[in-house]
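Pasting the structures in now, so scroll down.
What follows is a pair of complexes built around chain A, which joins chain B in one and chain C in the other.
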Partner chain A sequence: MDNLIIDRLVKKYDKHTALNDVSLEITPGMYGLLGPNGAGKTTLMRVLTTLLPATEGEIRLGSVSWKQADDVRRITGYLPQKFALYKHIRVEEVLDHVAVLKGVGDRRREIETILEQVNLTEHRKKKMGQLSGGMVRRVGIAQALLGDPRLVVVDEPTAGLDPEERIRFRRLLRSLGRDKIVLISTHIVEDIEATCDRAAILHKGRLVEQGSIDRLGGLATGKVWVLTVPQQDFYEVAEAYDVIASHRLGDRYRLRILADTPPPGAVCAAPTLEDGYLYAMRRDAS
Partner chain B sequence: MRTAMRFDLRFDWRVMGTAAYVPLIVAVVMTLFEPLMRGSLRQLIPALEFIWPLFAAWWSIFLFQDVLEEPGGETIFSYPVSRFSLGIARAAVFFLGYAMLTAWVVGVIDFSLSLFVQLLAECYFYAGLGFFAMTLLRRTGWSLSVAFCYAGMQILTGGKLIPLLNVYLFNQELLPLDLVLQHSLPTLVMGTVLWGMGQWSFQKSGAYH
Partner chain C sequence: MLALGLAMVGIQFFSRMGTDDPGLALHATAFIVAGGIFVSLVAGLALIRREQADAAEEVFGVLPAGPSSKAGGKVLALLTMVAAFLALSLWAVFALFAWREVPGVFYGRATAYLLLYWAVPFVIAGLIGMAVGIWVKSRLVYLLFAAIWVLIGPFNLSLMEQAMVTFAVDLTAPLAWLNLGQTDPNAPYDPVYGLPMEIRRWVQKGVWLLVAVCLLLLALKRRGAVLLVPLVLAIPLLVLYNQESQVVNTRYEADSVQRNDWLYYRDHGQPAFAADDSYRITAYDIDLRTHRLLQADVTMEVVPERAVREIVFTLYHQLRVRDVKVQGKAAAFEQREDQVRVTFAETVAEGQVQNVRVSYAGISSPAFFANEQAVLLPAYFPWYPQEGSRQAMTLRGADLIRNGPDELYGQAPEREVSYSLRYDGPQPMYTNLTGSGKAPNGLTVTAGPLTERMVGGTRVVLPDSFYRGAAQVPGFLRDQAAYRSEIERDLGLPEREAASQVFFLSVPRETVSDPDLEWHLGDHSIVSVTQMFNHGGLFADRYLIASSALNEAVRTPEYLAQSGEMRMLFQRAYLYGYGTRNGWYRANDRPPLKIVAEDDLRVKNKEGSENTRKLISYLDQHMHDRAEMQAFFRAWLAEMNGGTPVDWPRMLGLLEKK
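Here is the complex of A and B:
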């Protein structure tokens, strides 16, 4: 299977540069795009789905070039961050309509299979407006999967879902990447941890890091410290150091600190993806 | 290979919900005017002219409610369907339906080719106005307001508000066909400009929510 190749991509909105010289090779499977709000994730997704033209640069997937938007639309599926459509129409009718627009051959059969895959078979007769947030997202995945796209693009998949729905939706996402490139953008590290094998970090329109989840976490190796302090010392430590997490343990606090040199009394900790992400962002900002 | 033209008209109708039926109801009401005004063309023709063409904007606006007004509309633009068929072609198919309704209304009231041509030209203008307003404003409410305000202003001022853009003939009797054709030409030209601008604005709509 081919990789998706993004080569020196630039996207400008008037004067503002939302994507600045982004080069990335995305391998088949689940690929994460991590970055804070305003990093340019949605912009990249819209360029990948041909909704926005690139200002400069090239994108290719095998023999398909993004210069031919029509060809790209035949091989991509897209679930935008806000997917609210056709509130008074039944789920199966919406999917049938999408299948018509995508030119799917055997619509009935493909819709059956996909409803099964996203676990919506029993809700197929419900109107879109009656579905929970998690179910709407699953319809969103279903419409993206119709027509068997090679590239599936999912923007902020868990935004607006409650914790239970999040867990279930991540499980569904995880199952998609077998024979496709599935690109998931999010500002939530757990989304990536739970679903992706590899990821890239985007910050202010620039690509900061990329690689396997282990490698990204490993960026913070030797920089993450755990320090337990009494309650009254909390603010003092928080001012002196870059505290990235804190847990209350009785009348003490256990703090997770990002620092090049160990704070007195701190113990070195094994870094997580979140640590690596925060470290890469701090390093990029300075 | 060019992007395909694909239609799903039954679905388009379903999506409009109850709004889809409004032009049908207005058509029936129009035909009820005939017995109500005891067939007096002096009253019937203005009543028809002031109400019927205006509602030609209706389907042009509501067809695009989900695609343009809802935040999920960008999904539809990611499908392998041409914007031509999602936009102007779909609106034109529904305008064709409205033209048939017009023929029916005119047929029931007083079959006259000149009245049909007069109304059809005005309907064409309004369908274009609705299409352009909706693609530009992306809100059904505002788009309807544009059409209703235009109609209200022109009718109240007898077409003198912006004489150049007036589409109404304000006749109280049937006119000869050649006179109607002559007056309808500017209306058809304006209508075509509106349809064209509507598609242009639909084509470049990329300011996503």
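Here is the complex of A and C:
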């Protein structure tokens, strides 16, 4: 299987540069794009899905070049962040409609397979307006998978879902990346951590880091500390250190702190992806 | 929305069909068209924003051919909506037509009309709504829709009238082009012309449709070859649109029925060349073609009555002469006003017959139209070269007299002339020319939604749309003949035979004061009708028929030179006596003569009222003395024909003599 090559990609809106010299090589499997709001994730997604043309640079997947938008659209599936589709028609009708537009051959069989895959077979007759948020996202994935695309792009996959639906949806996403490139863009680190093997971090339009999830988490090795403080000391410590997480334990707080040197009484902790991401952000900002 | 629209359609058609006017039932639907155009704009917007509302825009945006497939689907959805509305509207119309026993021919015409003035504009508006919806994402779109609706709706002229006056600009022509509905929403249905569906109107809609498709393609960012298709298709349509053709406008534009000739003859009252009685035309060979405009090749046998070098004949000024041949050779000619002067190569001796061939083409008068849809060319209108040098029409006060300066059947020679006529135009054609090939007072040619039948021994040509009024025609002809005969006897006028052919045509009445319902042309007569004759018993209106017969009987240049007030007084006085004698009026009725007296009093014309009362008193007193009445009205008519103006003192003098 071919890798997705993004080579020196630039996207400018008038004077504003949304993507600045971004180069990535994405291998088949689940790949995450992390970054805060305004980092350029959505712009990159929109360029990858041909909704926006690139200003400079090149993208290709095997023999398919992004200069030929129609060719790209034949190999791409897309689940945008805002997805609802027509509320008054049934799930299977929505999928059939998309399948017609994608030119899928044996629509009935493929729709059945995908409904099975996303666990919506029993809801196939329901109208879109009757589905829960998680189900709608699953329909979104189903429509993206129609036509067996080589590249699936998913934008903010769990936005708006309750915790239970979020877990279920992550499980579904995880199952997709066996034989295709699935690109997930999100600012929710847990989504990437739960689903992806590799990820890239974008900040202000630039590529800050890329690599395996372990490597990205490892960026913060020796920089993450855990300190337990009484309730009345919480604000004092929060002002003095870069507290990246806090958990209440009775009348005390357990704080997770990002620092080059250990705060008094703190113990070193194993870094997570989120720690690595936040470390990379702080480093880039400074 | 659909149900509301259909309810309005049903009510509209129902109210119009109550007066047996299937034409106006369709004509008077401008507000439905206006509403439909706005709804279509919004429907186009709703369709194009459907994915936006359902957060699906990006899903389809990344599918292969997704945007264009969706756009195509939306256009199909728009077409389906319009087709459904059209089908349901037609169903409503047809149901009412069936209920009111409207002839079958109207079903097809209604379909074509609704296609042209409802369906196509709604589709165009829907496409524009889509294009604007793509370009403008904010709520400004509704403001734009309002502006577009004003410009492309059937009320655009009415709505822009004040602005045009304020800014002193005449936007009539561009607004007429922009108007997707019927040009004049208030136009009455013309029983001869039918519905306004000339080729040019279809072409205009075709161009509009292509413009709307182009706008949509541009909005969809489809450029290149796809965009070329409508642009290329528009070329032949624009060429067709720009072909010279007659489109009959009924509003008050410069080229409308009401104003075109009026404006011309206001400034062109006199012939360009002096009267010419040096020759006679004894035979015509006419090759007439009416396709979008009138074209004719007319060969005349011209007989000089003295030695002549040139002759002047009369031809309506908009019919432009292309060439003239005398004895097969090109001859010099000059066309000015309603005259053409032909100069012979050398002086032609008296009695030396000349073969003069005149080829001409142009747009006929809007009142006397001739195009691909209908033809209305009465004999008294110089649509072919006629003897003499006269203006085809003349202004008398604010009235446009369309049948010549003396109102005596225009330029017709009132003697037998041979005609041969070949016609190529909308079928069927009806003319007064019979097997003999001769006519005494010119040639009337008409075509359009007309039908022919025999009533007794009279050949009657009347509009298809008179399916109810036609039943009253025999009674009308009988009454008309009886009134004419009695009027001629009473006034001592020579008796004239009733015409063997009667054409019921929508020729304009000349004045308000004289109900010139009928033009008697010897072999045929023309009765001026409107669609109202199909409903409400106008064919049986005794006063209308009798007054028309009276005006027709007494029409002389001298009589017509009298003031309108005196002519009206004569007519009302005679009919007061005539009607009372024949039991027309009941006790509480107010005959028109009494109304004159009351009106005079109301406007404080005490003297006029008093005079009229004296006249009424005299008539009441001698009503049943037929000889007295005949003598009085003959004397009065003689005064009217005396060549000097008759006023009240002279009129009262007549009374005193009695």
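Note that the second predicted complex is superposed on the first by the 286 of 286 C-alpha atoms of A that agree within 3 Å, B and C clash if a C-alpha of one lies under 4 Å from a C-alpha of the other, contacts with A are read in each partner's own complex, and residues count from 1 in each chain.
The rule is simple: contacts are C-beta pairs under 8 Å (C-beta built on N, C-alpha and C of every residue); 3 or more make two chains touch, one makes a residue touch a chain.
Predicted, not measured: the structure shown is a model, and the values here were computed from it.
> Chain A superposed: clash or fit between chain B and chain C?
When both complexes are placed onto chain A, chain B and chain C end up clashing with one another.
> Have a look at where A:G29 lands relative to chain B and chain C in the superposition and call it first, second, both or neither.
After superposing on A, A:G29 lies clear of both chain B and chain C.
> Touching A:E93 in the superposition: chain B (first), chain C (second), both, neither?
In the superposition, A:E93 contacts chain B only.
> Which partner does A:G211 contact after superposing on A: first (chain B), second (chain C), both, neither?
In the superposed model, A:G211 contacts neither chain B nor chain C.
> Please work out whether A:P262 is in contact with chain B alone, chain C alone, both, or neither, and reply first, second, both or neither.
The answer is neither, since A:P262 touches no partner chain.
> Which of the two, chain B or chain C, is in touch with more residues of chain A?
Between chain B and chain C, the winner on chain A residue contacts is B.
> With both complexes overlaid on chain A, does A:G133 touch chain B (first), chain C (second), both or neither?
So A:G133 meets neither chain B nor chain C here.
> After superposition on the shared chain, which partner residues are touched by A:T76: those of chain B (first), chain C (second), both, or neither?
both
> In the superposed arrangement, does A:A84 touch chain B (first), chain C (second), both or neither?
In the superposition, A:A84 contacts both chain B and chain C.
> Among 79-87, 403-411, 547-555 or 601-609, indicate the stretch of chain C whose C-alpha atoms run into chain B.
79-87
> Looking at chain A, which of its residues have contacts with both chain B and chain C?
49-51, 70, 73-74, 76, 78-80, 82-86, 98, 101-103, 140, 143
> Using the touch rule from the top, collect the residues of chain C that touch chain A in their complex.
Listed in rising order, the residues of chain C that touch chain A are 50, 54-56, 58-66, 69-70.
> Which residues of chain A touch chain B once you look at their complex with the stated criterion?
Touching chain B: residues 46, 49-52, 69-71, 73-74, 76-80, 82-86, 88-89, 93, 96-98, 100-103, 140, 143, 147 of chain A.
> Hey, which residues of chain B end up touching chain A in the complex?
Interface residues on chain B, with respect to chain A: 1-4, 6, 8, 11, 14-15, 17, 66, 70-81, 206, 208-209.
> Note which residues of chain A are touching chain C in the complex, please.
49-51, 70, 73-74, 76, 78-80, 82-87, 98, 101-103, 140, 143
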